[in-house]
Amino acid sequence: MKKLINDPKAVVQESVEGFGMAHSDLVTVSTDPAYITRKDAPVAGKVGLVSGGGSGHEPLHAGFVGRGMLDAAVPGAVFTSPTPDQIIPATLAVDSGAGVVHIVKNYTGDVLNFETAAEMAEAEGVQVRTILVNDDVAVEDSLYTAGRRGVAGTVLVEKIAGAAAERGDDLDAVAAVGGRVNSNVRSMGVALSACIVPHAGQPSFDLEDNEIEIGIGIHGEPGRHRIPMEAADGITDRLLEPVLSDLDVKQGENVLLFVNGMGGTPQSELYIVYRRAAKALEERGITVARSLVGNYITALEMQGCSISVLRLDDELTDLWDAPVLTAALRWGV
Amino acid sequence: MGLDTKWTLKWLELSAEAMKENRSRLIDLDRAIGDSDHGENMDRGFQAAMAKLADAPPETPAAALKMTAMALMSSVGGAAGPLYGTAFLRASTAIGDAADVEPSLLVDALEAALGGIVARGKAEPGDKTMVDAWTPAVEAARKAADDGGLPEEVLRAAADAAAAGAEATEPLVARKGRASYLGERSAGHRDPGAESSALILRAAAEAAL
Amino acid sequence: MKKLINDPKAVVQESVEGFGMAHSDLVTVSTDPAYITRKDAPVAGKVGLVSGGGSGHEPLHAGFVGRGMLDAAVPGAVFTSPTPDQIIPATLAVDSGAGVVHIVKNYTGDVLNFETAAEMAEAEGVQVRTILVNDDVAVEDSLYTAGRRGVAGTVLVEKIAGAAAERGDDLDAVAAVGGRVNSNVRSMGVALSACIVPHAGQPSFDLEDNEIEIGIGIHGEPGRHRIPMEAADGITDRLLEPVLSDLDVKQGENVLLFVNGMGGTPQSELYIVYRRAAKALEERGITVARSLVGNYITALEMQGCSISVLRLDDELTDLWDAPVLTAALRWGV
Amino acid sequence: MGLDTKWTLKWLELSAEAMKENRSRLIDLDRAIGDSDHGENMDRGFQAAMAKLADAPPETPAAALKMTAMALMSSVGGAAGPLYGTAFLRASTAIGDAADVEPSLLVDALEAALGGIVARGKAEPGDKTMVDAWTPAVEAARKAADDGGLPEEVLRAAADAAAAGAEATEPLVARKGRASYLGERSAGHRDPGAESSALILRAAAEAAL
């Protein structure tokens, strides 16, 4: 295992510390317990937004703390959801009295830890609402499973719910907007290589030189199935098809197209995927009104990408366009 | 041997040792159908519990279990943290202020632990989770206690059944937790949480010897 | 070779096309010959800034086209400098009459192609100045070598010269500011893995599992020497030391600290490196007044990073802080 | 055989074939001490030249060389593009409007090509660049011409000397171009540009057979 790390057990702490030093204009970092808050938190009268999850998905979530997006991020160990004793103080720290929304990716661990934290924070007098993100169409949603995973759609939920909070929406309204983003976004991913979790020290799965994993999550776990390597256009079609059919986008609708890198894929390749996906949407008469291309929610140094499509209406578009000032996403300010 | 505070502490200590020793094995199991962290999580959690217990040595079995529950909850993370945290918390509550855990109370405590796991995680037997270790363990313990078994016999029955239950998760297709995302591909691998549960129950039995 | 590409020969064209589609609000893309211009180019009265070089370093250069930075980017084949027939029309397209500055990384190929293009553009009546970037301290600068390479410092030159052009500096002034950035910045890089050039189809060099290359460039070429793998802090010190001693930064001075990812290294690791470097600077009494951490000038999916230190004065700081609106760098607007 | 337009076109065609055939070999040479693109660059460049020549067949040797120069300049990129572009351009100028290139004019053209490379790249013999193929080639050609050699003999002498010169770059430490960044580590590998130069001069000799 070759990684730019010191002690594998100190990866999250040191990295968060470095993040805090590099972005001291935007955030404040608490290292024990670990959480990152917006420099000016709590913002008077504003609903607070807290998200979190395992580390290894950077820039998610700390990179999205700041004006117009998250008020706090709570990083767990690598690929391990954070614990209530981190989530609770983060929640208290960003509550201005207007309540706090938890944005939680739908994994058993994240759900249980945030659930516990929400209960305890409410016991301390903070009103909490939870937006559960579950946009991954690779996973079937049924009564007999843990349901769909939350993947790249999380970034869009954080941005848009963050803009709603920033414009002054109340607690239920912010939660509702976030829920609306979640209902209107679907994602699917592919891995060309595995990643190495620092404490594990070896690749999360083994792939032959000519194989790829379709339907992966963001934790280095194997995907739904393995197929022989193909050209980018073919892979793009394989990801886009289930996204579009599940979301049931209609001709004439506006969408946001998000091609997300898993961390180890060059940007040039993400744009090749974007090109095909955008053309495929155009051919169906769907308008790509907004786009996002880059490494926003990663699986360490995994090679691969995911494609997300978000159905837009005027309100979601306005909230997307609203100013955001964070380490990883900024415009309009 | 009576199941007193000393036994409880010994159990927790042996559990911590087992987690350290089996750290990479549990990571490997989780690597196959999950995200490669279960061994790391459990090891970190039980180290934290050991540190807490050393800091403020508890006076009763229930107090020891409660401190462990809190330590696990605040340091394991992932799915296993809240599940084990709840399990130990409920076991602690079931034991109450008993200084010595009689076989029937022991069974109640194990059942409460399982109940906590199910209440939080909503898994059923056969879903390929730690529930598949705890369910047969509780049954076997109850049978042993009903048959008038000694505490160490009841614990051994639970440990043996948990080990068998963990092994029996291998052919199953996961329906809960992270492994469920793999669908059919999850079959053929042992569930890491069931395995760590079996190790913890084995530690309980060994602590009573 | 597993890459999200179609025909290896079409990588640059398709990727640039995708880039143009995703950022049509910021740029205009010409595909034959390939170059990217700022949407509103030429900007009346403003000096034009053109940079370019081989592809594979994304987001450099196309990602830096826009307000406050480049007016045009000219992408060559992967790791191959562009040709005059691309550079010339790009230069003509962004000349408003105020002249054009070429920002050229010091590689024989880039120098020769830009030199030819500058000559021809001048023959067409465009005044051209060239800023040669050569910040890499891994390479000795002597009469008997090709001189130092241009690496990560290029991003800083482009940002700051871009701000100077945007505020209305004339041709010589913009070239002078860019030259001043170049004289005040030094960089050094490390590779933990090689990269795969699409048309070559195999890793650019072979490294054992416990080896790293120190003093690499940005083209997947081997470095100056190979050492056994070490912890991040040790590697950071190895990169920072020659940078600081060559730049001769003094106690009390202000610097910009730039930790740049080579493409395949997770952000969390870059922040671990940043943490150590920032602490080391602090310990020497040097103030890290500005920072930049991320994948800004990459070598495809190579794992590794570089550290750059730029000595700041008030003017350079102001120009760094000035608004920038490009695909890869934006603030203040 | 006279070195006429037909010969020139044949030379360029054989050069293009050689670049295609040796594409991966040149990439491998460049991989060792450079950035893995020389074979790709040369192949792309000569394909572009072939396309241009087919589009508008030139009438004189100089016209063919000039078109090639322009095609290389605008499609090779990197260091090799301007260097070969200048080389072919200067050779074309040296030949002027001659329909048939006599040995002494041939030597002048080769010398002009080398002069162009040196003017642009400022490399000296021994710097481990294409200059190390062209320098002995020009010398050998001049000697063969002075000795009254036939055109094909002069070309063979140039090709043989270029091949030997390319091989002789192997032990050298590079002082120009990208390989120079490797310092001592560049020793032990053949210079890719010297090798492609040798291939081009070999093609010239073969075209005259």
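Which chain is which? They are A, B, C and D, in the order written, and residues in each are numbered from 1.
Going forward, a contact is a pair of C-beta atoms (placed from the backbone, for glycine too) under 8 Å apart; a residue touches a chain by one contact, two chains touch by 3 or more.
Because the structure is predicted, anything quoted here is derived from the model rather than measured.
Listed by label, the chains touching chain C and chain D alike form an empty list.
Comparing the CA-atom centres of all chains against that of chain B, the greatest distance is found for D. Taking each chain's centre as the average of its CA atoms, chain A and chain C sit 29 Å apart. The centroid of the Cα atoms in chain B and the matching centroid in chain C are 54 Å apart.
Centre-to-centre separation of chain A and chain B, using mean CA positions: 32 Å. Averaged C-alpha coordinates put the centre of chain B at 75 Å from the centre of chain D. The set of chain C residues that touch two or more partner chains is empty.
Residue numbers of chain D whose C-beta contacts span two or more other chains: none are found. Note for the complex: chain B touches chain A at residues 27, 31, 33-37, 40-41, 44, 73-83, 120-121, 175-178, 180-183, 185. Of all residues in chain A, only 9, 54, 76-85, 107-109, 112-113, 115-116, 138-140, 144-146, 149, 197, 199-200, 202, 204-205, 217, 219-222, 224-225 touch chain B in the complex they form.
Chain contact summary for the complex, chain C toward chain A: residues 2-7, 11-12, 14-19, 21-22, 55-56, 58-59, 63, 192-193, 209-210, 212, 229, 231-233, 235, 263-276, 278, 288, 291, 293, 295, 298, 300-301, 303-305, 330-333.
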